[in-house]
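Starting off with a structure, shown below.
Letters A, B and C name the chains as they come in the text, with residue numbers starting at 1 for each one.
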Amino acid sequence: MATLRVTLRVILRSMWRRAGGRYSLIVLGLWVLVSLVSLVWTPYSLLATDGFHVWSKPSAAHPLGTDGVGADVLSWLMAGSRTNLIIAALSVIVAAAFGLLLVAAMVSRHGALSAVSVVLVDALISVPTVLVALILCVPFGASAAVIVAACGFAYGLNLARILRPSAMLAARSAYVQSALHSGMPAARVFLTHIVPNTLPVLVVQLSMSAGTSILAEAGLTYLGIGVGAGVPSWGHSLATSVKFVGIYPLTVLWPGLVVTAVVVALNLLGDALRDAADPLANPALRGGQDER
Amino acid sequence: MSVEIRNLNITIGSKPIVHDIDMDIADGERVGLVGSSGSGKSMIAKALMGLLPANASADGSVRAGGAQLIGANDTDMADLRGRYMGMVFQNPAAALNPVTTVAQQVELPLRLHYDLSAPERQERVKTMLSKVGLPESALGKYPHELSGGQAQRVGIATALITSPRLIIADEPTTALDAITQRQIVDLLTSLVDDAGASMLFITHDFAVLARATTRCYVLEDGAMVESGATADLLDHPHTEQARKLVAAARELTLHRQEAEVHHG
Amino acid sequence: MAEILLQGSGINKSFGARGARRQVLFDVDVDVRAGECLAVIGGSGSGKTTLTRILLGLETADSGVVEYRGHNIAEGRQGLRMLREESGLVFQDPFSSLDPRWRVGSSVAEPLKLRRKKLPSAAVKQRVAEVLGLVGLDSATLGSRYPIDLSGGQAQRVAIARAIVAKPKVVLADEALSAIDVAVRVQILDAFAAIRRADPDMALIMVSHDLGVVRHIADRILVLHEGRVEESGPTARLLAHSQSAYTRRLIEAASL
């Protein structure tokens, strides 16, 4: 465990050293912090509406102003951050699980299985995420779970397709042959030899997927097939105010800024994590020599 | 003098790769450059070909065919490379364009650097192929249809088609099996001698060096540590590095007597 | 005579799709005895790699029988399982045979952990240090490194240590020297000699295109030419009294 802690510290330090990594760590740290705080405290209750002060400008009482029903914009954005955090995290987990399962099938030594899975991925990848969400909405109704399922499905397919070349390279390598020859079960070979060797592509792709899930949430919620009415999310904050952007631009600006900042941070996170967490890219992880 | 290198230094970033290299290749001479991997021998060849990586910087003097190559512009360099030099690479399969036929491959340097009619070019290509020991039927073949040895013969034909005065061969036999290695080395040396050209032969294998060259330079960690007639060096290596390379070559080859017991 | 570990008889093998099928092995017979070093020599396209991969159960023959310690490895599971558990592999390119994202110590320990699941980790560590020591490497300094920080010679010695860590009865080394600098090949040969001394009953199959590199280590040489056995016999006799023109060309090519 001690070595794991050391490794984590080295990774974080390497990320911090780069401007992009530092920015992403700060923004994402704030995101998690605000999400946690929002569980126990927001400036106003989400249900507290003030009919006398709708669309009010930022003030001491309402730092980011109020929306069309007089609810506190800051409180809704804070509460929304935890919804988006959960959606992003779950989308990434579902995408990783689904995508890696597909990759395993694609690089398997069973000719038929790999051939079928390659065709399947190519066919399914053409189905738009919105369509998947629409279909899922019919039986299940609009909810965050539908967004997670639709995103996980679409990003999993993308992930599978992008990972396939590097996974294939590892799967055909002498070290995999050697491990199989020594009697390592195929599933373990996949997890310990093949997946780690796709790491550079994997982390970049997954963190970009997290960012895209936020954009997808905003888009789907705007279309009415996202998080249910009354559930706080950044997409919800955008959707309820975007119709009035010509008159009250500030209420659109705040969620817009938050979404942009976080999506940029997630995209930068991928590059930073790849450079910091891959022992081949980061000499500091390989025993500390040559650290720069 | 075919090649004259003086005080050549090459650095990549702040890391010195080779330093204070002096080297001469007389007209018609076959010269070896031997060293372990990482000794910088390929970098010297790249400097000579004007193909140093973009992040490398070189100073000193590298003259080939009378022209100064350090600081030469890309057009002059390309022209010199095309007319004066021919290059043979380590991995023939990778050096050949997979979608061109042998005929197109060998013809290309002629098209680029000489003003000849198509029939003249084809005639030269045919002659060249027979010189490297390939049948006429090889003309229409693609690289994947060739064995390693055949591919390297195509590589040699491509390098020699323009009748260059200097051949630079960078580990041309390392990827081949022992019998093919021997054939390729013998082919290359006889073609170079017939043309009266000079050759720089780069290798990590002293046994190959002994067969391909008359004089050689030993490189270690970017510095020239020894030079002299190849036969002398084989018998009396002076420096630690040369001794190591010669000892390895002797250890890993059959001695004449051993091999000739049967013939004798 | 020592026990016959591996015996291949009448082995045929072809590759390619139906239209362009090419036979690479024709009725090859070969045996490998405990404790010996057998060199399988031939040019590229001779079928030497295919033959030895079939012997080790990495590929299957079209026809012919491979027996490991008396068990046909194509029948039932026991023969093949025994062979897998009791054999080790060394490949041509040391950097592609070690997982670039595994530390050297873990790579070497892998076969041992898989084959002796109950071995305590202290014992694994000790054995890893022992085999690394055997091939002339220090486990304390190299064990925690990644392959990228090794030289080619070091990486190949790590691969040799991994091949013998679980005390195999037979090791296959496929062109294990040809991607290595000549000056370093001697070290690799020394490592092979050391692992043979450490376990005199272990058989070593060395595949090479070059007679020069195997002449000191091989007890017996099998020359393959275009998929057929050209000649085989004890090293000294084969080098001195070869009956085959092809073998003599190999000898000539390996002479200084």
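Quick notes on this one:
Throughout what follows, a residue touches a chain if its C-beta (ideal position, glycine included) is under 8 Å from a C-beta of that chain, and two chains touch if they have at least 3 such contacts.
Because the structure is predicted, anything quoted here is derived from the model rather than measured.
Note on connectivity: the fewest chain-to-chain touch steps from chain A to chain B number 2. Ranked by number of C-beta pairs in contact, the top chain pair is B-C. Centrality annotation: C (chain centre taken as mean Cα position, compared with the mean over all protein Cα atoms). Chain centres computed from CA atoms place B at the largest separation from chain A.
Inter-chain centre distance (chain A to chain B, centres taken as mean C-alpha positions): 53 Å.
Our note on geometry: chain B versus chain C, Cα centroid distance of 33 Å, whole angstroms.
The distance from the centre of chain A to the centre of chain C, with each centre set as the mean of the Cα atoms, comes to 47 Å.
Looking at chain B, one finds that none of its residues touch two or more other chains. Partner chain A is touched in their complex by these residues of chain C: 56, 58, 84-85, 87, 89, 91, 93, 96-102, 107, 110-111, 114-115, 144-146, 148-149, 162, 166. On the chain A side of its complex with chain C, the touching residues are 173-175, 177-179, 181-184, 193, 196-197, 199, 278-280, 286-287, 289.
Chain contact summary for the complex, chain C toward chain B: residues 43-45, 152, 181-186, 189, 209-213, 215-216, 239-242, 248-256.
The part of chain B that touches chain C in the complex is made up of residues 36-37, 147-148, 176-182, 204-207, 210, 234, 244-245, 247-256, 258-259, 261-263.
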